[in-house]
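Just below sit the structures, each encoded as C-alpha cells.
Note that subunit A is present in both complexes that follow, paired respectively with subunit B and with subunit C.
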Partner chain A sequence: MQSTHGGGSPALSGMLAPLEPSPPVDRIAAEERAQSLAKRSIKKSAKVAGLRLAIQMMDLTTLEGSDSRGKVSALCMKARSPSPGDHGIPSCAAVCVYPNLVPIAKEALAGSSVKVASVATAFPSGLSALSVRLDDTRRAVDAGADEIDMVIDRGAFLSGEHARVADEIAAVKEACGDAHLKVILETGELGSYDNVRRASDLAMYSGADFIKTSTGKIQPAATPPVTLVMLEAIRDFYFATGRRIGMKPAGGIRTAKQALHYLVLVKETLGDAWLHPDLFRLGASTLLNDVLMQLKKEESGAYQGDEYFTKD
Partner chain B sequence: MTQRRQVGSDRRRPAAELEPSEQLGVAGPARLGVKKTWKLFLGGAFVRSESGRYLVTADGNDNYPHASRKDARDAVKAAQGALSGWAGRSGYNRGQILYRLAEVMEGRREELMESLERGGASAARSEVDAAIDRAVSHAGWCDKLQSLLASSNPVAGPHFGFSIPEPIGVVAIAAPDRPTLLGLVGSICPVIVSGNVAVVVVSESDPRTTLVFAECLATSDMPGGVVNLLTGPRQELLTPLAKHMAVRALDLWNVAGELAVSLERDAADNVKRVSRREADESAWFDAERGAALTGIERFVETKTVWHPMGA
Partner chain C sequence: MTIKLVEEKALMGQDRRRAERRLDFGHAWDYAPAPEGTDHVRLASRYDLFIDGRFEPPGAGRYFETINPATEARLAEVADADERDVDRAVAAARRAYDQVWARMAPLERGKYIYRIARVIQERARELAVVESLDGGKPIKESRDFDVPTAAAHFFYYAGWADKLRYAFPGHAVRPLGVAGQVIPWNFPLLMAAWKIAPALACGNTVVLKPAETTPLTALLLAEIIQEADLPPGVVNIITGAGKTGAALVGHPGVDKVAFTGSTAVGKHIQRALAGTGKRMTMELGGKAANIVFADAPIDQAVEGVISGIFFNQGHVCCAGSRLLLEEGVHDTFVRKLRDRMATLRVGDPLDKNTDVGAINSKMQLEKIRELVASGEEEGAERFSAPCELPERGYFFAPTIFTGVAQSHRIAREEIFGPVLSVLTFRTDAEAVEKANNTFYGLSAGVWSNKGARLFKMASQLEAGVVWGNTYNKFDPSSPFGGYKESGFGREGGRQGLAAYLVVE
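Right after this comes the complex of A and B.
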C-alpha cells in the first residue's frame, strides 16, 4: 500500500486554513453545562414544535447485517410519511443505509424531499486500505447517495498521525464530489474530550460538511457532553473561517426527551441558524416512534402504546 | 396511656412518647426513633413521586407519596418491560415465585399486622393469615390453569382446533379500600398468575399496609415491574390509566358512580377489557371464592388455533 501522508500530499495542501493546536477541554465544565441544559422543561406547544423539528432533522437509520430490500423500502416509506394518514407530520431528513442498498432507497424515495445517506469507507471499522475506502465512497455516490457518512481511522488518530487522518478525510471529500460528507469521529473510542475536540477540528479543516459522533456500533455512542464539545468546535470554526459546519449526534438517542435535549444544546451553543436540517441531524432508528407517540399524546391527551405504531 | 398491644417494634413512635422502661439506657437521653420514608413501588424500586407531593395518613403520623399521572405512566412502562419475561416463565416457576412471596409475608407478619392495626382494622391476625393463604392458593394455580382453561375443540372438518389461555398484558387494578392487605393480595394474584403484569392503585384510606407489602414483593423473587404500586387519589390515577393505550384491561374493585362511567368511556378507546366488581369486606375472607379459577379467567386472552390434520 502506498503511503498517503507526508508533506507532498496534494490533499493536505488543499486544507481550508492552517490548523492550529486545539484548545483544551474542561471536562467538568463540559459535563456540567450539558447536564444543566438538560433540565429545561419544554412543554405543550414548544414541545410539539421541537418534536416536529426533530422529525425533520432525523436521519432514519438501519445499519444491520440483516438489512434487506424489504426492510429498506419499508424504512423509506416511513421516512416519507412517518405517520400515514396524519398529514401534519413532516418527512424525515434522510434515510441512512449501507452502500449496496442505496439504489433501493433511491428508488423508494424518488420524488420526495428525503435524502439518501450512505455509510461508506469500510464502515463501521474504516480500517481497509485507502483505495478500497475511496472506491467504496465513489460507488455509493455513483449509486445516487446524496450524503456520505465516513469513519476516520481512530488507530492512526490515537497514535498521533493527525496529518494522515486529515489527508484521508480530504481524499474522501474529493471522492464525494457533490455529495455531502459527514465525518464520524467514533467518540467512544477517542478516550477524551481533548481528542474529540482535536478530531473535530481536524475533520472540519479537512473539508467535512458535517461532523458526527458515532457509528452506533460502539458504546458509549452520542452523549450530550461529547456533542457539546463538538458544537463548540463548530462554533469556533465558524468564527475563524465563516463556514457553517453541521452536527450529527448518532447512536443511543431513543427518546423524544433526549432529542429535545440535543436541540437545546444546539440552540444554546450555535443559535437558531443551526436549528435546521441542513446543519443539524439526529441519527436514530427507534427514536421516531417515540417522537410520534409523544406528538399523539399531546394531541389526544392519552399515553400511547407502541403496538399502535409501525415497527420499522 | 391507653392499653396497646405490643406487636413489632415501636420505632415509628416519637421517643418522647415511649415509656421509661421502653427507652434505651435508663439514665441516658431517650433515643429518637428512625421513621421510614414511605415510597411508591415502581419497576422493583422504591421511588418518590416524580411530582414531589406527599399526603398525610388519617392519624397524622406518616407521610406517603401522592402519585401523579406521570408516575402512573412510569408504572405502565415498568410493567411493559417486565411483561415478556414474566409471561415467558413457566407456570411452575411463577408458582414458585408466588410461594416465595407467601414465605416472605409469613416472615414479616408482625410488621404487616402492626401496619393493619394502625390503619384501624381490628382483626389484623386473621387478615394477614388469609392474605398469606391467598398467595399460596394462587401459587398452586400457576401451573394448572393452562390445563384447565385450554381445550381441544371438536370441529367439523379435517382440522385440529386448540384453545389456549394467554396473558392479556398490562392490567390496571383499583384495589379495594378494605380489607387493605387481603384485598390487595386477592386482587393482584389472580391477575399475575397467568403471566399478566399489574399496575395497582392501592387503598386510599391507609396505604401503609401496602407499602409493607411492597417490601415483601421486593425481597421475594418477584421480578421488578410485575407488580407496581401507586398511592394517591383513585380518580387522579385511574383516569390516565384508563386512557393509556398500552394498558389492556382494568380491574375495578368497588369503583362506582360517575368515576366508573368515565373510566369505562376512556377504556373504550382501545377496547380495554373492564371488570367492575363490588365486594364487601367479609366477602374477601371466603377462601373458596377468593381463589376461584373464574377470577383468573377474567384476565386471560383465549387464543384458538386451527391446524390441518395430516393427509
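Right after this comes the complex of A and C.
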C-alpha cells in the first residue's frame, strides 16, 4: 500500500488517513442481520414516503449493446417525469448510459435536475490498458457526464494486487475532475464478504465518492448482505475521516419491496444523513414501474394493469 | 515550545472534529405503526385447571388476574390451584401413567406428540399474539422464535419416542413416572414444550405449572392437547403462584421435579426435596460473559451483543449480560453499541417493528430499577437508548454501563432485564478468569476471527453453552443447561432424554 498512501497521488495527499487492515466479516451473522431488516413492516404513510424517496434515488439505467439515440431519449423522458400527468411524482436522480450516449442524454435532460451518469473504464470488465480506461473516463466527462461509474480490475484485486487497484482508482478519480466517481466493485466476482469489505475500503481510501455493488452483467448482482457490509465500511470510513461516502446497490433490484428493504438497511445502518440522493442511489432498469404501480395502489386502493404504465 | 503548542492545538482540533462525527437516527423516514391483528384471538374471561383431560374449577373457587404488561389491562382470570387441586392433578397423572401411557407402544406415543406439534403450527398466529399479550415480548420474537421453536421441540422428541433404546446403547431404559414441572415467565410456551415433549416421549406423565404472570399460552396448549386427543391425565396443567409450585414439587406422588427459574427458588426446592429420592433437574439463573477480541468481526459482534442482552427485554437466563471487551477495541465497540441502541424500537409488543417490548411485570421492573440505581451509585457510567417509552405499561429503556468493575453488583447479580455491564480485559487468560469469576455458569459467547481461539476459550469457560461468533442460538437437538449455581441436568438433544429415564 506504500505506493498509494506513502507518497500518495497528488489528488489524495494530505486528505486521507492511512489504510489499515480491514476487519473480518462473519458471513452467517451478516446475512442474518440483513435478513432481519427485511422483516421490517413498511405500510401506509411509510410505504408512500419510502417509494417516493426510492424514485428520487434511482439511477435509471440502460446498458445494452443495442442502446440507441431513441432508447436513451425515451429513458431520459421517463427519468424527468416518471408518471406523465402526475405532478406529485418526483424525478429520478440520474440516467446511467454508455459513454457514447452521454451527449444524447445530456441534451434530453437539459434544464432538469436529473444527472447524467456514464459507465467508463472499459465497462464491464475493466480489462483494458489503464491509459485506455483513463481516456474513456475523460471523454465521458468532456461529453458532459456528471457522474462516472468505473469498474475495478477484479483480476488484479483477486490476485492480491491491492495497491495497483488503489492506484488505478486514484488515477480515475483524477481523470474525473469535478465529476463524481462511483466505484463498482462487482461483488458477484469477489467471492467473499471479506473481499467486499476490503475492496470497499480500498475504493474509499483511493478517492471514491460512491461505492457501487455491481455492473448488472454478473449474477449475483446487488444483495442485501453485500450492501450491508458496504454500508458498514462507509460508516467506519466516516468515523475515521469525517467524509461521507455514498452507496449504490445496482442490478437485480426489480420490486418496490426490494427497494424499501434497501432503504431500511440505509436507515438503520447509517441514519438520516444517508437517506438522500446525494449519498444513496439505486441502480435499476425495470424497478421504476413497480414502484409507480405500488404508489398508485396506495393512492387508489387497487392495482392497475401494467398497460397504465409506460414502457420505455 | 511553540511548535509543541501548535501541535497540541492541532491535536485538540482533531479530537473535536472526531467528537463531532455522529450518526443521526432521526425522523427522515419513519415507519408507520404496523400492529399485528388480534381479531382471530378469542380469550375466555376465565380459565380453569386442566386436570384429567378436562377443564375443572379449582376446589376453593379462587381465581387471580393475568394482565397485559404493555397496557396493564386485565386479560383473563385464571384458577389458583391449592394443595387439593395439586393432589387431584397428580392422581390423574398417576392413573394415566399406570393404565395408559407407560403401557402404550412407543410408536403410538410418538404419534400423539407429532399431533401436538402440528396443532401448534396450525394455531401459531394465535399462540404468538397471546404470548406477546400476556408476557410483553415483541410479536416478531413470539412469531419467529418462541412458537416455531416450541413446535420444533415436539417434532424432535416425537421422533425419539420409539427409538429410546438407541439413545443409550448397551443400556435398558424405562420412564420415571409422574413429572412435576414448574416453568418461568420469560418463554412460557417454549419452556412448556421443553418440559413436556421429552417427558412424554420417554413415557412419563406430567403435571405442569406455568408462571403466574404468564399462564395463558400454557392453557392454550392444554386446549391443543385436548384437540390432539391425548389420553386424559397424561398432561395436566395447573395454574397458581409459588405456593402451588411448592405443593406440586413437594407432592409425594411426584417422581421427578423439573424446574426452570431463579437460583434462589431452585435452591429452596433442592433443600425441600433433599432425601426424598425424587429425581431433579434445575435450570436456573445466569450472568453470561460475551467476550469480544479485537480481531473479531466487529459489526457482527455488535449485533450479537445487542441480541445477547436485549432479546426478550433481557429476560433470558442465558443473556449475555456481561460484555468483556479487549481493551484496544473498547472505545470503538462502545460507540457502535450506542449507535445500534439508537435504532432499537421500544414499545408496543404487538407492533411488527418493535425490537424491545414490555418488562414482564411491575415486580421485575422494580428489580431492574433497583439494580440500575446501584450501578449508578457504585460509579459505573450509564447510557440508555434515546427512546420514548409508552406512558402506560412496564417499560425500561435498553441500557449499558461502562466502567464496570468485577466488584460491582451489576457485574455479579442477575438483572434479568435490558441492562448490559461492560468490562475490559487484556489477555485471553484474563478474559477466562473474569468470565468464570461468577457463581453462575449457564452460557458464554466468544467473538474472534481465530477458530483455534474459539475452541480454546470454549474448553476453558465454565458454562453449559458456549457460542462462537453467534449468540442465543437454540435447536431442539442441542443440549442446554448449567454449571455451578446455574443448575444441573440438560434439556434438549439426546442428553435431554436422560432427565426423564431410568438408564440401567
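Methods note: the second predicted complex is superposed on the first by the 297 of 312 C-alpha atoms of A that agree within 3 Å, B and C clash if a C-alpha of one lies under 4 Å from a C-alpha of the other, contacts with A are read in each partner's own complex, and residues count from 1 in each chain.
Please note the rule applied: a contact is a pair of C-beta atoms (placed from the backbone, for glycine too) under 8 Å apart; a residue touches a chain by one contact, two chains touch by 3 or more.
What you are looking at is a predicted structure, and each value in this text was computed from that prediction instead of being measured.
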Inset, instruction - After lining both complexes up on subunit A, report clash or fit for subunit B versus subunit C. - result: fit
Legend entry - subunit B versus subunit C as contact partner of A:His87, first or second or both or neither: neither
Inset, instruction - Quick one: name whichever of subunit B and subunit C touches more residues of subunit A. - result: C
Inset, instruction - Mind working out whether A:Gln304 is in touch with subunit B, subunit C, both or neither, as first, second, both or neither? - result: first
Inset, instruction - For A:Tyr238, select first, second, both or neither according to whether it touches subunit B, subunit C, the two together, or no partner. - result: second
Inset, instruction - Answer with first, second, both or neither: which of subunit B and subunit C does A:Glu268 touch in the superposed model? - result: second
Inset, instruction - Determine the nearest approach in Å between the Cα atoms of subunit B and those of subunit C after overlaying the two structures. - result: 7
Inset, instruction - Determine where on subunit A the residues touched by subunit B overlap those touched by subunit C, and list them. - result: none
Legend entry - Of subunit A, residues touching subunit C in the complex: 23-26, 28-30, 32-33, 39-47, 49-50, 53, 232, 235, 238-239, 242, 263, 267-268, 270-273, 275-276
Inset, instruction - Would you tell me which residues of subunit A are touching subunit B in their complex? - result: 301-308
Legend entry - Parts of subunit B lying in touch with subunit A, wherever the complex brings them together: 73, 76, 240, 243-247, 266, 269-270
Inset, instruction - Show which residues of subunit C lie in contact with subunit A when the two form their complex. - result: 17-18, 21, 23-32, 34, 140, 144, 295-300, 303-304, 335, 343, 352-353, 449, 469-470
